Each structure stands twice: as structure tokens, then as C-alpha cells.
Amino acid sequence: MNTDNIRGMLESFREGAISLEQVLGFLKSFAYEDIEFAKIDHHRAVRQGFPEVVFCQGKTIPQVATIMKKLAERSPNVLGTRASKEMFAAVKEAVPEAWYHELARLIVVERSKKEPDADRYILVLSAGTSDMPVAEEAAVTAEIMGHQVQRVYDVGVAGIHRLLAQRETICKANVSIVVAGMEGALASVVGGLVDKPIIAVPTSIGYGANFQGLAALLSMLNSCAAGVAVVNIDNGFGAGRLASIINTMR
Amino acid sequence: MNTDNIRGMLESFREGAISLEQVLGFLKSFAYEDIEFAKIDHHRAVRQGFPEVVFCQGKTIPQVATIMKKLAERSPNVLGTRASKEMFAAVKEAVPEAWYHELARLIVVERSKKEPDADRYILVLSAGTSDMPVAEEAAVTAEIMGHQVQRVYDVGVAGIHRLLAQRETICKANVSIVVAGMEGALASVVGGLVDKPIIAVPTSIGYGANFQGLAALLSMLNSCAAGVAVVNIDNGFGAGRLASIINTMR
Amino acid sequence: MNTDNIRGMLESFREGAISLEQVLGFLKSFAYEDIEFAKIDHHRAVRQGFPEVVFCQGKTIPQVATIMKKLAERSPNVLGTRASKEMFAAVKEAVPEAWYHELARLIVVERSKKEPDADRYILVLSAGTSDMPVAEEAAVTAEIMGHQVQRVYDVGVAGIHRLLAQRETICKANVSIVVAGMEGALASVVGGLVDKPIIAVPTSIGYGANFQGLAALLSMLNSCAAGVAVVNIDNGFGAGRLASIINTMR
Amino acid sequence: MNTDNIRGMLESFREGAISLEQVLGFLKSFAYEDIEFAKIDHHRAVRQGFPEVVFCQGKTIPQVATIMKKLAERSPNVLGTRASKEMFAAVKEAVPEAWYHELARLIVVERSKKEPDADRYILVLSAGTSDMPVAEEAAVTAEIMGHQVQRVYDVGVAGIHRLLAQRETICKANVSIVVAGMEGALASVVGGLVDKPIIAVPTSIGYGANFQGLAALLSMLNSCAAGVAVVNIDNGFGAGRLASIINTMR
Amino acid sequence: MNTDNIRGMLESFREGAISLEQVLGFLKSFAYEDIEFAKIDHHRAVRQGFPEVVFCQGKTIPQVATIMKKLAERSPNVLGTRASKEMFAAVKEAVPEAWYHELARLIVVERSKKEPDADRYILVLSAGTSDMPVAEEAAVTAEIMGHQVQRVYDVGVAGIHRLLAQRETICKANVSIVVAGMEGALASVVGGLVDKPIIAVPTSIGYGANFQGLAALLSMLNSCAAGVAVVNIDNGFGAGRLASIINTMR
Amino acid sequence: MNTDNIRGMLESFREGAISLEQVLGFLKSFAYEDIEFAKIDHHRAVRQGFPEVVFCQGKTIPQVATIMKKLAERSPNVLGTRASKEMFAAVKEAVPEAWYHELARLIVVERSKKEPDADRYILVLSAGTSDMPVAEEAAVTAEIMGHQVQRVYDVGVAGIHRLLAQRETICKANVSIVVAGMEGALASVVGGLVDKPIIAVPTSIGYGANFQGLAALLSMLNSCAAGVAVVNIDNGFGAGRLASIINTMR
Amino acid sequence: MNTDNIRGMLESFREGAISLEQVLGFLKSFAYEDIEFAKIDHHRAVRQGFPEVVFCQGKTIPQVATIMKKLAERSPNVLGTRASKEMFAAVKEAVPEAWYHELARLIVVERSKKEPDADRYILVLSAGTSDMPVAEEAAVTAEIMGHQVQRVYDVGVAGIHRLLAQRETICKANVSIVVAGMEGALASVVGGLVDKPIIAVPTSIGYGANFQGLAALLSMLNSCAAGVAVVNIDNGFGAGRLASIINTMR
Amino acid sequence: MNTDNIRGMLESFREGAISLEQVLGFLKSFAYEDIEFAKIDHHRAVRQGFPEVVFCQGKTIPQVATIMKKLAERSPNVLGTRASKEMFAAVKEAVPEAWYHELARLIVVERSKKEPDADRYILVLSAGTSDMPVAEEAAVTAEIMGHQVQRVYDVGVAGIHRLLAQRETICKANVSIVVAGMEGALASVVGGLVDKPIIAVPTSIGYGANFQGLAALLSMLNSCAAGVAVVNIDNGFGAGRLASIINTMR
């Protein structure tokens, strides 16, 4: 789709050869902004209900700042994940409304807030307090995407009564995100209690044979409970995003 | 289930405000049938909307037959996964209505069929024809659980036009299951096209460095598209079950 | 074995206070029978309370038969693990009292049976019916070593009420063996309920990403419950042996 | 907890045979304290004989301090593992009796000390001096839980006489903890000498192909000696806790 | 180099038909310079069209400076990969024309520049902005070896329209280098669009289960598109070098 | 590409608004034949110079026969890889000209043969005789795609003189495919001798720590020689296909 | 082979000081026989003291028979490893003196037998009877290469006295080969007893977490005893060959 | 140490034919010094020809200093591996003759130097300059143990002529140590040239898929050349020690 083609098509349009709708229909499926080092997908908000989210890790600070500024020019709400404090400082200058969630390493711009549906809350469970950074990444992601979130933290299976005491909150949730490191068993136990989808997030928390989250990952993939699917290790954002998608279904 | 609630319930009970049966009804939300080698979870149909599904692999033929017979005595619809022909023959004697889906290795008893909601279909995509056994396991699972299923097979990303030609079918699906071996890239491409949940199922199909599905599994877990979650390698059943859960959400 | 002790013993010996046989008896605490292809450790019954157990896998049929015959000449009770039917047939000819536990693949010679202590039973739990061969290997091993065994099978965590319904049996056990494939979460849940040792045995049962037991193994090693230790994948014998050792402690 | 028992208890309660408190006492065997980011399991001391132990790694310093303070309000003895000096400083302010074992990275509060049974000592062996941090974590854990501990360090199998010289100490131990990195062979040799349980702890000490403890872990899991079970890599605490549980058995 | 040829050559030499120098010229096709810690392969420029490239990582700063100085004495163009700023500073003193590409960590000496063939450009695609350091290493390598390079960055498959919009640029490329982390799916999609060779470079960018590039590596090796070959993780240089070799073919 | 758009475009065409060439140009990029279980990509011959190749493994025999028959109706030359004898028998009935290369497990239909360019031969080297099935898969693939192939087998690096004796044949090759199991070192040695591209194919041949080709795969990916890229384990076809693509470049 | 030496040799040759044959003798240190599918390295007997050994696995039966026949035409002693009975039958027809060692899967032709040096024996130890096939492959290999071999089998470390009882035999050996599966600890213990080289051979014998020999392999590589080096899993031949090389040193 | 021998010795002792000291001298072939945190094996110098070598990594600085001081009191030559500069400073105070080899991270005390046998040199080859730290650890280890060492560095197989030019030095070596990272192919090529033992040392040098030395390790274990054995990744000391043992054989 080089610019010559577009020029031609637009001229055909001016000459009446094709209609406005046709041109729009064609163009709209291909909209992005090309800056030197990135192609910003402004159309994603239309296609998937939320603008492109910036994965900050591995980018330079100026790249992060520029991309978030460009997104913030078009979208009221913007999200950057895996962001350092230094990245946030640079974004803050370009987008003053931005704030930073340190534990979850998120940069958030939230200028429009719709009222969440309190009856359909997303539940975020964590097995231990050490899993909180990932759990918060999931929870905040879901919140900025417009959902009600309940948090139930530190309910690992070694004290099953702490978990069972939350049974009502668990069973009423519309979607649950289970965040756990070590052996990740929480996903299976929760999966057996409910008839709603469970998104399991393995974390890299644990002793040596956790192998940076591999143990929890394999554990969750092998869950004997149906209704459990898994996202990447420590990927709280992915879980929050998928939970938001599911929670939007009617 | 916090103690205040229980105290209240017990006092109401002592005062006669609620009956013994009501208390028991609450407490015994735990019911199962204990046969020698298995504890059949009849309560699962109530708790999760479908009776316990029998994972046949690793069980003896008589065990499979007995368990399925017990389930079929209480539930109109029963499902056995990873079943051999020999297992089916034994089940067939005990439950004559049972039939066998050879490619998907499923034993199916389906005596009650509710009309699926045609507008909310589950889409099952496969990257290659070789992935069909797993794709069919997912599709048949969803069908027996009462859902409309569309199949789009052999649309691997190496011929992206075959996939894009199905864009309408893909975008209209309520939930999509993407089944792929080799590099599993199909999940990411589909994930970028839609705003609905994607359940990715890696298969063990491929050349050596697929390592029995590890390549596709890691690929899908690392999907750059949001909205994708992953189940176990070759676990078509798990995907079909989860898709059914999501597709039931209103 | 410090040198002062030996010096003293030798001087006592020169002085005639102790006999040559006593010295030898001490020094040769190392006794075994050397047949062509094996060194049978008859002393193990004294040293560890049960004669050497024969790991049959990888040995030829005549080797298995000869070794078990030699052991049976000196010990009333003998055990062969990972044995095929063909191996059993050969052993049976040499040791007619031998019997075969097909599911557990054990060859058992049990000519002396001491009354087990019914109060201190060993509990064998399995997550699924498919884990029974390994669970039975553990249970029969403990029984032939003189212990009372209780079996609670098919109590995987996806139906937590089935497990909790056995809480009394679980809490009263003196030692528990938890046998589970897939995600192996059962070990953690049981570990959180009791104040007695848990021996966890991962099995190779499951879908692809179980990787022949790796998922359950890592899961159990990473158990968030204290009091859990792990033996090799599918090693029911090892668990049964260790449980017997612990159960003998007074 | 089968329903007949509960029915009986409830009827006795309605009839006044047992009090409301008794029912509650039974039912609320599930008690914990809910602070913002953690659910402190005060009941664990009753259920498992020692209060919840705090895994400090991955928690923030204020979280560690708060949790340990809460535990110290109810229990005389408290333990924090994998703790940094900075964490200790914060805990020290909240719980002045706390002290820090730097090598083992433990925070210890020990206000009640029962006399250990000197005849039933727990033996901690280490293969090398470099394994001492893990060995000390195990030893101190067992000591704070009320057990007599003997240490035999630097007895790796490459100088087997150093180990055999300790044979008496080894054979008299009631439970042994074997801590070893590199090839972890010490567990098998010790396992062959004794008729008591061996808890093996692989460490991450070694050259490249140790792969952060994987070599020692696999080695110990594959031990040809019966009576050996394994805990997580570098998990001295887990070994000390399990040894304490076993050593309490009578 | 069969013996008949050599015999003939030697007899011709004895007969004076060819000179000693000609024989030596043939035999010493093996020339290098031996400095204390390295054997510099000056002949490589003749044998492979570009002088030896210095892999700086793991070398000391003086070693890097000396080797690059020696190479620069004989070759107009020299390349050092995986170089730190400190290494560059030392090289700069010895070879003043050297410059440093910080993002790609390359030290470049380029004193002779031939005009690239603009019609046969090498295309470097990257899936994300975070992959740029590796992509630039590939691009700059190809440029210094005399090739025209086109860059198309941030066209990951989750927004397939961004990629398809570049279809013309992609299809006209003579060789393509696809740089991608996460699930590396870009290689397969591009591989299905073109009839020219694709060199895939996995990067170590991504969440936990990327396992430092393993996910992308396996994904690319399993590409369902023909025409794709893979180089080492993060090895932009290797891809740039191979693309240059292929792009030189006539 | 929904059908409404196509209808509109076609009507514009009938009205003269767009030209025949425009319509064709658009439509042709999307051509495939949809049979029940596969979408046959007839357009691939135009797009990539050779029709779709059938990966037979994992497909049923009737599926293979049908797909190959459909392809053979449109293309003179057709290739099926990883095919069993039974698959061939079924194909042979549908396409009588088909023949079978047993060692390479290829089904070949070759009704049109263009004269290969003898000066630009593809060289296939194998390290050992045991690697021949993979080497032949590569060689026959390149031949059916119209290339001259030279074979140099059994030149593993443990007898380097066997390899060096082939130096002339190696250096004159236009592209080389190096097939090796065990340690796969051949790729690096050949890569150091030539200035042409090397495609390395690891094979699963070897003793235990080859881990089904992993050793050779990692070895080749880490080749210290530039100009080497790697395809999947045992993927002779992929190498032959890529070599054909490169060998066509002018 | 530096150029000065060659220049000198060539000038001596031109001057007649050395003959053409002498030059050729030097240059053609490269001799092999080229049959269709293999390049038989007849020179290896001169270069390395024993003719090329045939790795039979993965070769066809006729290939094995032809290669062994060609070798047997020139060498009195020939060895084929990893050979099946069927391969042997074919070799037997071509080389009637051949015999077959079934346990070790070796085809042996031994027409010349030199008297071994009884004082410098090679010791082959195995941990268990199940390791015998690999141990015998090592032992027979060393014997056919002209060495005295002592076998000490079934001395695994779980019964350390069985091993220590052999201390004299162990300490007198000139080279030791330690064959062990499971945790492979035997290598370390033996390595600590002697001042001679130890060649460790991991075997694939064991329970699940042996992972086909990986556990023993890693264990042996991490041996805390100096003087231990490792060959491939189950590679008895490699160990026997290396022991023979070392045992020849004077 | 069979019982007949012991019986005879004891009877001789009772008869006065041998003294108590002689018996003790035999029995206490087990001598070591017990300091708080280590058991120093002074007997090793007698048993294995060189005193215990201190693996410094993971020990505290005072531990290293104390152990080396104790060893230096009894042995003229002492070696510490994997030592930091800080460790050396502490050792230097206790043992003033100590010196430090920074690149190889060795602490060396060498107060007695025997004249090495120049004819039997140990050859240390390295593939690249980056492998020098490991190569030097091997070389210096062999030197302090009394051997002549030749170094041939930077002869990786990608420039095979650099290696072949050293053929004479290589073929004359009595033992060779091959140090290589990346694909480790050097071991196989050298192994094919010589008839002496090769000790291969994989290093952790390389791009991503080297996986910290795994690629080179597997490559070397799978060497197609006989006569190659492997030590741990980066374990230069182990190779130097084993080479010294072999080079001492007569």
C-alpha cells in the first residue's frame, strides 16, 4: 500500500469512480502512524477496543516517550507496561496526566473513565504476597480498561481454609485471574470451584527449581481443572487484557 | 464462608428459621460417589454445568467402562477423552447409546441435545490438516456441551491469503480456538484480528525441533497479540471446554 | 570409626580381651555375595531393615531370576520392582511362593508377615485413577515391609470437596504418600492440612506439557507447603520404602 | 467431614447437647488475620505445630516488617527466610528480640525455647564449605523448632574417608539432612549407610553444567539408595522443617 | 586436492614448468598473522570477501584494540561486534577513523565504500521497536559489506495490516532478514509472501517463557514457510553477513 | 475480502470503472481450492515458483492421496514429504506417474523437467552414512525443483583429510547443504572454507546426549563461521527448498 | 605444516635430496576409499592405531555389510558398534570370522591378537547389573584393541562396602571406566580413591527423572573428584577407545 | 581390603610380626584435619599426588584464607581456583609466597618446582581469544603440577588452515586440552588428527543459543572422533588436573 496507490485511489474517488464508503472501508483497515522506529497502530482502538499498549522493556527512553506521546494525542487512555521510573519521568514531561504504578511498573494515562459494571467484577487472586507486582499489573490493566476488579491476595493452597473462606467472592466473579509462583497449584483449586473462565499467570517467584517460573507455568498448563488457560510467566498485563475482553462479552 | 455467616445460619437453624435440610444443603455442596478406584464427582454438573469428563488414558478398560456407566446413570451427556477403540467397545456394552469419534479419540454419550445459539458460534481454526485430531477433539467437545461450532482448517500463516479470506468468519466468532503445531504462529495473527478471546492449543505436529509441541507451546505463550491464552499441548478437550464456558457468558 | 577406637580394639584383641572373630565381625561389617553379574548385598537386611530390593528393568530375565533366588535363600521376604510378566514367570520357577502384582509391576515373596501397627497407618493418596499403578507400587511396598496402609484414590484438587471429605483419614495418617501426575497440586494441598511428613511422587500421566512427569515433579519440588519431600517420577517403590522407614520411628 | 457427622453435630447442637461455641470451634478451624496485602495464618501453629514462616524474598521491606510483627504478637517464636539485612533492620524496630543469621539469611525471633531431646538429634551434612549457607538455614530452622542438631560439614564423596570417619555420628542420627551441590552424590552414599530417613537438599554451587543446581537435583532424585527424598534447590528451610516434623514422631 | 594433481604439479615444478613461487602460492593458501593471544586471519578477505570480523565480547580491551589495529593495517574496512564503549575508546586511539554504533554495539572502520547495487536491496524487518539493537547490527553489517539496506521496523504480526501495507517493499527485496523476539511469528508470515530467501534472527526480547530467545528460536526453526533459515539468538551480525553473501550471488 | 467487496469491485469493473488487469491483480493474490479438510494453495506456484509441498506426516492416507491428486491436476511437478509406503500406494493409484524415494520418504511427481544449470550446482554434504535419509531428502528436493546437485557423503570432521580432499568440489558449489548429526561440526568447517551460503541441517543421529538432534542443532546455530544458517532437525526438505531459492538468484 | 618447512622440502626434492615418493608420502597422509555411500578411512589405522570403527545405527544392512567387508580386506581387526542381529547376519556372510556380542551389540572381527600387558589393566566398573550392556561395550572394545580388562560390576554407592571391598583392584588399575545410570555417583567416589584417570559413562538406566541419562551425565560432569572426564550417554565404545589410548601411553 | 588379608594382618599383629603402628598406619590411611567449617584432606597429596585444591567460589574470604594457610603449612605447592582478588589479598597475608593469576582467577603457592619433562608436553588449544581465561586456568594448573605446557590459542575451525598449520605441535603433544565455546567443533577436528587423549572443555562464550556453554558441551559429548572426553563447562582446572594425571603415566 504505497502512497502512489492511495493517490490513485483518491483521484478515482474525486472523479466519482468509487464512493466515499469504498475509500473509507479500504483505508480504515490500514491505519497507523509511521515514526522512525515504530509503526503506531491507532486503528487498534477501533479493532480491539483499546489502543495499542506499549511494551516498554528493551526500548530506549526517548522511544518510549515519543510513542506514548503519539498515542496520547489520539486516545484518552494509554498504557505502558514494564516501564522503569526513568521512562516514566520522560513520559511525564510529554504527557503530564501520566502517573506511575511502581509495584506493577505501569505508566498509565487515564483521562476518560467509564463507570464499570459492578455486577461483573474481575477477580484477581494471588498465592502469595510476593506475587503482588504481577497481580497488580493484571488488576490495574483491567481497571484502566473499564472493569470492576476485586483483589484476594495471599491465599496459596498450603492454607486451603484461607482460600475456601473466600469461596463466595470467588464463585461470584465473572472472570478470575490466578497469579501464583512456586508450584502454581492455586489455579487448579480455583478452577475446580467455579464455572467461569480462569486465566492463570505463573510468576517467577520461588526457590531454585522454580526455574524462573517454569514450574508454575508447567503446573498451570497441566491443570486437572477444566476452564483454565495460561498466559506467559509474569505477564500480568496479558491476563488483565484477556479478562477485560471476556468480561465485555454479553 | 466466614464465621459470622455460619454463626448466623446456625442460630437461624436453632431458632427454626431454616431447616436442617437447608443447612445440610449448604454444607454438603460436596457430593460424590465412591467406587473402588474412583470418586465420581456427580456434583460437578451442578457446580460447573457439565458432568465430570473421563480422561481415559492410563486407566484400564474395565475402569473406563465402569466410570462411564456410573456417570451415564445420572447424566444424559457424558464424555470420555483420549479413549482407545478397545475402551469404546467396553463402554458401548455398558452404555449402548455411546458412539466413538475415532480421529478425536472421544467416547460420546449425547442423549439430550439443546439447540445451540447460532449467533454465538465457537470458531475452531487449524493451521494444517495434520492438526485435525486435536481440532476435532475441541470442536466435538464444544458441540456436545451445546454450542454451535464453525471449522476453518488448514489456514497456516505461510499462505496468509487463505487465512485473510476467512476474515469475516473469524471476526464474527464469539470465541476462537486456534490449533497449530510447528511454530504456532496462527494464534498471534488471529489474535491481532479480533476483539474476542482466543484459546490457543499447541500440537505436537512437526519436525524435530518442535520437541513434541514445545515450540508451538512457547510460541503461543509468547504471542505478541493480547487476548490469547494457552492450554496444554494437544489438549483439544481443554480448549473446547473453556470455549464453552466463555461462550455461555451473558 | 576414629583411630582411638580402633587402637583400643586392637590392643584389647592383642591382650586377648576380645576374640579375632569379634574384630573381624566388626571390620567385615561389609558382607555380600558375588555372583558373576551382581554383588548381592545380604547385609542390607541388617543394615537397613529389609533386604536389597531388585530393580528389574534393564536386567535380563535369567539375571532377575538368579538374583531373586539368591535373595530368597536368605530372606523370607523379597521384592522385585519394574518387573515384566516374563520376568515373573522365570522367578516363579525358582521361587514358587512368589506372586505378581500386575498393575504395580512388582514381584513379591512374602513368607513372613508381621502384624502391622494399625494405629500408625501409611496413607497413599492418588490424584486420579490413572495414577494407580504408581500408587499401588507404593502401597504394596509398604505392606510387604510390615505396615498398615490406607488408600484414598482419585481425589485430585479439581474437586476439592472429594479431598476435604477425607480430612479425618488424612489428618490421622502417620505418614502420607501423595501420588499425582498432571500438575501435582495435590501434594501442596495435603501438605497444608497435616503436621506429618508428606512424600510426594510425581507421575508421568498427563497431556503433552507434562513432559513425562516433569511438570508434576517441578510442581511438587516447589510446594508452598512445608513438610513435603519428593522422590523420582513414577517411583512408587521409593516412596513406599521411605514411608516405611519413617513409620518405624518411635 | 462427612455429612452424617455434621448432621449429628448439628442435631446435638439444636438439642443443646453441644454449645454454639463448640460448633463454631469446629467449623472455624479456619482462622486467619487479613491485612491489606497478606492473610496471616495464625491457626497454623495449632494445625502444624509452628506458626507460618515468612518467605521474605519478593516482598517489600514494609510488608516483611508488618507480617513479622503481626506473627510475633501471637507467637513466641517466628521465622523469616531469604531475608536481606535491610529487611532485618526494619523487623528489628518492630520486634526488638529479633536477631539475624547472616550466612543463612534468616530472621529469628525465639522467645520460648524448649529443651531439645539430645538423643534424637538431626544431622546436617554438607558436601563442601561452599554449601554452608544452605546447610545453616536447615540447621537453624530445626533448632528454632526445638531440635538438637549436629553439623558435619565438608565431607564430599571425593574424600570418602572423611565421610566414613563420621560413620558413628551418621548412623546414630534420627534424621539426616544432606546438603550438596555439584553432583550431589553425598545423598546416595549416606542413604546407603543408614536406616533412617534422609532429606536431600541440592544446592546451586558448582561449575557451569550444574545449571544452578539442576545437576545435584536430578542426581538426588535418582539416588540408588532407598530412604532419600528431595526438597527444592537451596531450600534449607524446607529440609529443616521436614526433619523437625519427622523428628517429632514418636 | 587429490594426489594426482599434486604429483603432476610437483613434477612440473621439478621439470621447471612452474616456479617455486607458483607451488608455494598454491600451498600457502594458508596465511595468518600470529600475535601472542590471537591468530589473525588476513587471508579471509581473499577467501571469503571480507576480513575477519572481531567478536569482542569476552576479550580484554587491549586484546580488542590490538587485533583491530592489526586488521586495519591491511584492510580498509574492519568490523568489531558486541563491543563496549570502553573497547571503542581504545580502538579509536589506535585507528582514528573508527566509529561506534551504540545501539548495535558495533565498532566500524570503513575507509573504502563501494557503490551498492540499489536494485538488489537487503530488507531488514523487525517485529518490534525493542528488537532494534539486533536489527541494526544486521543492517549496519550488510551496509559496511557494500549492500543497499531497507529497514521496515515494528511490523509484528499482531497488527498484520502494518505488515501487509509493506508488501511491495517486502516482495521486491532480494534477501530479507526477519528480526523478532517473543513468538517470532513474523518469519513465517514473511516467508509465505516471497520467493526469496529469508534469514530469521530470534531475539531475547519478551516475557518469562521466552527463555532468553528460546521461544522465538524454536518458532523460527519450525516455520511452516519454506525458504526460512535461522541464525543464533540476537546474532544480527551473522544474519547481515549471510544476507551479504547471498546478495552478492549472480 | 468479504464477498460483498468482491461483488462491488466486479460491478465497478463491468461499468468500466476499473480495468480487467486491476481486478485480476487483486483477485489473483487470493487463490486456493477448498476441500473438506484442506485449503490447497494453487497460487503458490505463481507466488513462490513451486506448488505447495505436502507434509504427509500426521495426515490420513486418503487425505494425502486427495491433496496430491488435486495438486497434480494443476501442476506437472508435485512433492510429498515424510510419506510412508502406504501413503505412496494410495497416491500411485490416483497419480500413476508418482514414484517413491524410500530412503528419503518422498513421493515425487515429475512430469516436466527443465535442464538444470550445470555450472551452478547445489552441493549436499553429509557427515556420516547414517545421515543419508535426510541428505537425500534435501538432494531430491533440489533436483525436482530443477537444480543440479552434487553429493559428497561421509566426510565428517574426525577424518578432516576426507573433507579437504573435496575442497575443489566444495569451493565451486553455488550453495551448500551440510547434513550432520552427532556434534554437527561439519557446518563450521565447511563454512570457513567457502564464500557461498551454507544451509545446515542437524540430524537426530547419535548417542544419548544428542537428544534427538538438539546437540547438532545448537552446535550449528553457534557456528563460529559466518555464512551458515540452520533449518529444523532432520528437515532435508526445507534445506533443499531454500537452496533452490538461493540457487535461482541471478 | 608451515611454509618454510614445505619450501625446504620442495627444494630438497628439486635437488634430489628426497624422492618424489617421500614428498608424496608426506602429502598424501590423506588416504581413503570412496564407495558410493561412504568414504572408508583406511589411513586411520596408521594415524590412530586402530582402523575406523563402524557406527552401525542408522545405516542400512547392506551398507553395514559392505563397509565392514571393505575394512576387513585391509585390517585384521574390525569393530562395528550399535549393531543389530540382522546386521550381523549380513556381515557374517561377507566376513565369516565375524562374531557378535549380543549384550553389547558389537560385531567383532579379531584375526590378530596381541598379548595384552597384564600389569596395566583397564578396569570397568558398573553401578548396577542393568548397566552391563554399556559396560560390556566398553570392555570388549578395550579387549579387541589389545588391552587386559578387569570387570567389577554392581558396586553402586548405596552399598559402599561392596565398592570399598574392591579397593585394591581399583587402586591398581591403570585406567578406570565407570559405567553408571541413575545418579551416577560412582564416578565421584572412585575418582576420590585413585590417582589414575577415570572415564565416566552415564547410562540411560533409571526412573523418570533420569531423563534418558541426563541425570547421570550432569552428575558425572559435576564430579567433585578431579581426574574424571565424561563421554556420551551409553557410549561404552567411546570410553573403551579412550581408555585404550591412555593405556598405550608409556 | 578383603577379610582374608585383614585376618592375616591381625594374626601377624597378635603374633608380634607387625607392630601396632603398622596396623594403624594401614588402617588410618584416612587422615584429615578438622577445622570448624572444613575437613582438610592432607592425605590427598599421598593418595593422588597433589594436595587438595581449594574451590574458592561460594566460600567466605576468611574461610579461603584459613584453608589455604592450613594446606600451605603441610604442602609446598597449593592451588586455589575461582578466586577473587579480595580472596587473594587475604591469602597473601597468611601465605606471603602466594601469587595471583588474574585472568585464570587462580591463587598459586609454588615453593617447590620440579623440572618438567620437556618431551611430554601437554598442549592447550583454544578456539578463540575469548576462551583464554579457561585455557589459562588449565595451563597454569598443569604447570604447577609439574608439567611442560604448550599453548596454541585462537585456532577455531572456521579458519581451518590456522589449525592445520599447527599440526606438528598438535601431533607431538602427549595429551591435549581443547578449550572452545560457541559450537565447540575444535575438539572433534583435533580428535581426528591425533592418537593421544583429548580433554575437551566447553566454555560459556557465545551468542544466545550457546545457553551458557550447553551448546559446546553437547557438541563435545557427541564428538564423532574417538579419544575425546569432556569436563564441566569452563572447568579449566579439571582439565589441567586430568591432563597432569595422564601425563604422569609411564
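Per-chain residue numbering starts at 1, and chain names A, B, C, D, E, F, G and H are given in the order in which the chains are listed.
The rule we apply is simple: contacts are C-beta pairs under 8 Å (C-beta built on N, C-alpha and C of every residue); 3 or more make two chains touch, one makes a residue touch a chain.
These numbers come from a predicted model, not from an experiment.
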item: Chain pair repeating C-H, as identified from E-G, A-F or A-E when over half of the contact pairs by residue number coincide; value: E-G
item: Approximate Å spacing (C-alpha centroids) for the pair subunit A, subunit B; value: 25
item: Whole-Å gap separating subunit D and subunit E, where each centre is the average of the chain's CA atoms; value: 53
item: Subunit D and subunit G: spacing of chain centres that average the CA atoms, whole Å; value: 48
item: Residues of subunit F engaged with two or more neighbouring chains; value: 128, 159, 164-165, 181, 193, 206-207, 209-210, 214, 217, 221-222, 226, 232-233, 238
item: Pairwise chain contacts under the document criterion; value: A-B, A-C, A-D, A-E, A-F, B-C, B-D, B-E, B-F, C-D, C-G, C-H, D-G, D-H, E-F, E-G, E-H, F-G, F-H, G-H
item: Subunit G partner contacts - residues on subunit D that touch it in the complex; value: 127-128, 156-160, 164, 182-185, 187-189, 191-193, 206-207, 209-211, 214-216, 218-226
item: Complex contacts: residues of subunit B adjacent to subunit F; value: 103, 128-132, 153-155, 159, 161-162, 164-165, 167-168, 181, 205-210
item: Contacting residues of subunit H [partner subunit C, same complex]; value: 3, 6-7, 10-11, 13-14, 20, 23-24, 27-28
item: Residues of subunit C that touch subunit G when the two form their complex; value: 29-32, 37-39, 41, 43-44, 52, 55, 57-60, 63, 67, 202, 204, 212-214, 217, 232-235, 238
item: Footprint of subunit B on subunit A - complex, ascending; value: 47-49, 53, 164-165, 167-168, 174, 193-197, 199, 217, 221-222, 226-233, 237-239, 241-242, 245-246, 249-250
